[in-house]
């Protein structure tokens, strides 16, 4: 099997809110390590998972470690596809303006800064899932 | 026991608050759920306000707060150490449920010997005891507060 | 003789808040903590239920948990009071019992 | 404080299904130990907690230990008040006939066998909670 | 090129099954396991949604989990097939990928 | 690798089923959640049908399956032993995530030494390694199955 054939579509399905449980943080740790393997990576934020991307997170008062900055750094790890589900945002009264700005530099276009967050609806996300090789759920 | 005479910094706008005896139940392990963090902050705040903590009882996965083998990342809080230090400072009674601990692999020296295990992992300031300690905590305290999932 | 109810689950994912509202009595206090605080944010689909409940109960949200989750001051529903951990202790002291809806 | 004054109303609030998580089983373990303390004990089964009492449980195929028989034995421990919420049953398509028969022997009435399960609606349960001294949630 | 979706949460307590149904494609298989199997029981409030979904998806429930929870054969919704662990493995093998709705 | 030639006892009614390579991810500790039980039954069934298990990766609280300090009640299953025995019989690769293990107090002899701890608790048949092993498990296997909460 050649290296090219080994390239798989890895999909991280994030459905849980941050801080209440550790899944969001430890999901990110997999994504960061996984980035070194040069697979075709995308993340999805569905249901309470969209809360992970909320702007202005400040965990200091709880004693827990904040980790929202890691999402902003994903572009540096060439993780550039963050699918956020519209319906999940709407149910929670959120719009994309409530989320952190997350961008990457496109080396093919003179390192222009481009948004990593891609809004999709349920049916689009269903098709994206059906196109994956490996689904990791958190 | 400390009684509140006059309003102090940090007190809530409660007019009736007098020193009470609390018991705390923690049902989840550290890091995985926020329960241990919230319980720690609550316990600390209660002590700072002059309340008494009769007992902190670790049940279900909560027993995993009591292992000295944890090594969290250096920039993160160490919940086991926080509990150990709080217990030392305020002479807290930190009780790990024996039945829950057996299922989850938390041992003190006695239990290790009794079960034929080659080592133990209980953290300083924690002790292993029976579920009766939880019932007693409910009986003896003015309030039992449960933190869990 | 009132109860302090605590809710630590997201109302968008689980039924803990709904069950709490169904079992609290007029005059009881409800404190949203941990992932439970998302319900206190304006504009979400749970907001009308919580706004309606304010007539019967005193509803609080734990400030440090709101901040951790990026729910800033202006976004909290009117009439929901923010408390810190000392305030949580005070609510527990003022009540006769504490009931956690886990 | 006399022994009589020490007697408190202990209330076990069970809202979780059995087997998927351990809370139901470990809640029972508290109830059994607690019985020795001669407090005024009652249990409530609300939301998915009502599934704990379903008849015909047989965990053998899963490799897990079944524990439904313990509920039937609660009468022997003088645990006689098992409040089951009607609305929770109805939502799940259950009636009391789908639950295990759980009884106790009433020593004041020549050890007549009496049902331990008490059906209550939400508003009745709300009042029962408001009458307790200690609420343990599982 | 189909997906096997697994759902291990009670549909009466959490939104995992709903979210799964919203994201499965026609022809996909859905396997209810652990506390997820309660949804397969006749008469519950989730039954109509599951019955409607049967037109689009093949729905299965893990037999040992049904038995553990006291859901006996006649109580399982028509058209939901019961499988054992070997059947679970077979469903995973037949699909192109497995997606867990945790 | 075993290929299915003709129908056998215990095979599902699948016409297409050929021997595949599975990887298993377990996210929850033993007893607390059913995830480890279900994963064990799945893994056992897959092996019995002639499939290959490339790796079982223990993540989040799943690392708690890998402590030899557990002493479950005698009439209950011992999940750690079940995994250890299955690994021995089928030469399974049971990997405990190092980052998750550090947070939760699972140590092998190497880690104990490196972290200055006075003992370790890893069970036979388990090894501690990095998250890269999970990614590799996803790459190398035909199917990754996640068991969690």
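By written order: A, B, C, D, E and F. Residues from 1 in each chain.
In this text, contacts are C-beta pairs under 8 Å (C-beta built on N, C-alpha and C of every residue); 3 or more make two chains touch, one makes a residue touch a chain.
All values derive from a computational prediction rather than experimental measurement.
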If a chain touches chain A and chain B alike, it appears here: C, F
Chain centre separation in whole Å, for chain F relative to chain E (CA means): 24
Chain centre separation (chain A, chain F; CA means) in Å: 27
Distance between chain centroids, defined by C-alpha means - chain C, chain E (Å): 34
Chain D-chain F separation of Cα centroids, rounded to whole Å: 35
Interface hub residues of chain F, defined as touching at least two other chains: 27, 31-32, 34, 38, 41, 60, 73, 99, 103, 144, 146, 148-149
Chain C: positions in contact with at least two other chains: 8, 12-13, 15, 34-35, 64-65, 84, 97-98, 100, 102
Where chain D touches two or more other chains at once, by residue number: 16, 19-22, 47, 62, 64, 133-135, 137-138
Which pairs of chains touch, using the document's own definition: A-B, A-C, A-E, A-F, B-C, B-D, B-F, C-D, C-E, D-E, D-F, E-F
Chain C residues within the chain E interface of the complex: 12-15
Chain D contact footprint on chain E (complex, rising order): 8-10, 12-13, 34-35, 38, 41-45, 47, 63-65, 67-72, 84
Chain C-touching residues of chain D, taken from the complex the two chains share: 13, 15-16, 46-47, 87, 122, 125-127, 129-130, 132-135, 137-138
Chain F residues touching chain D - in the complex, by the definition given at the top: 31-34, 37-38, 40-41, 73, 75-77, 82, 149
Complex interface listing, chain B residues touching chain D: 25, 27, 59-60, 99-100, 103, 130-132, 134-136, 138-139, 144, 146, 148
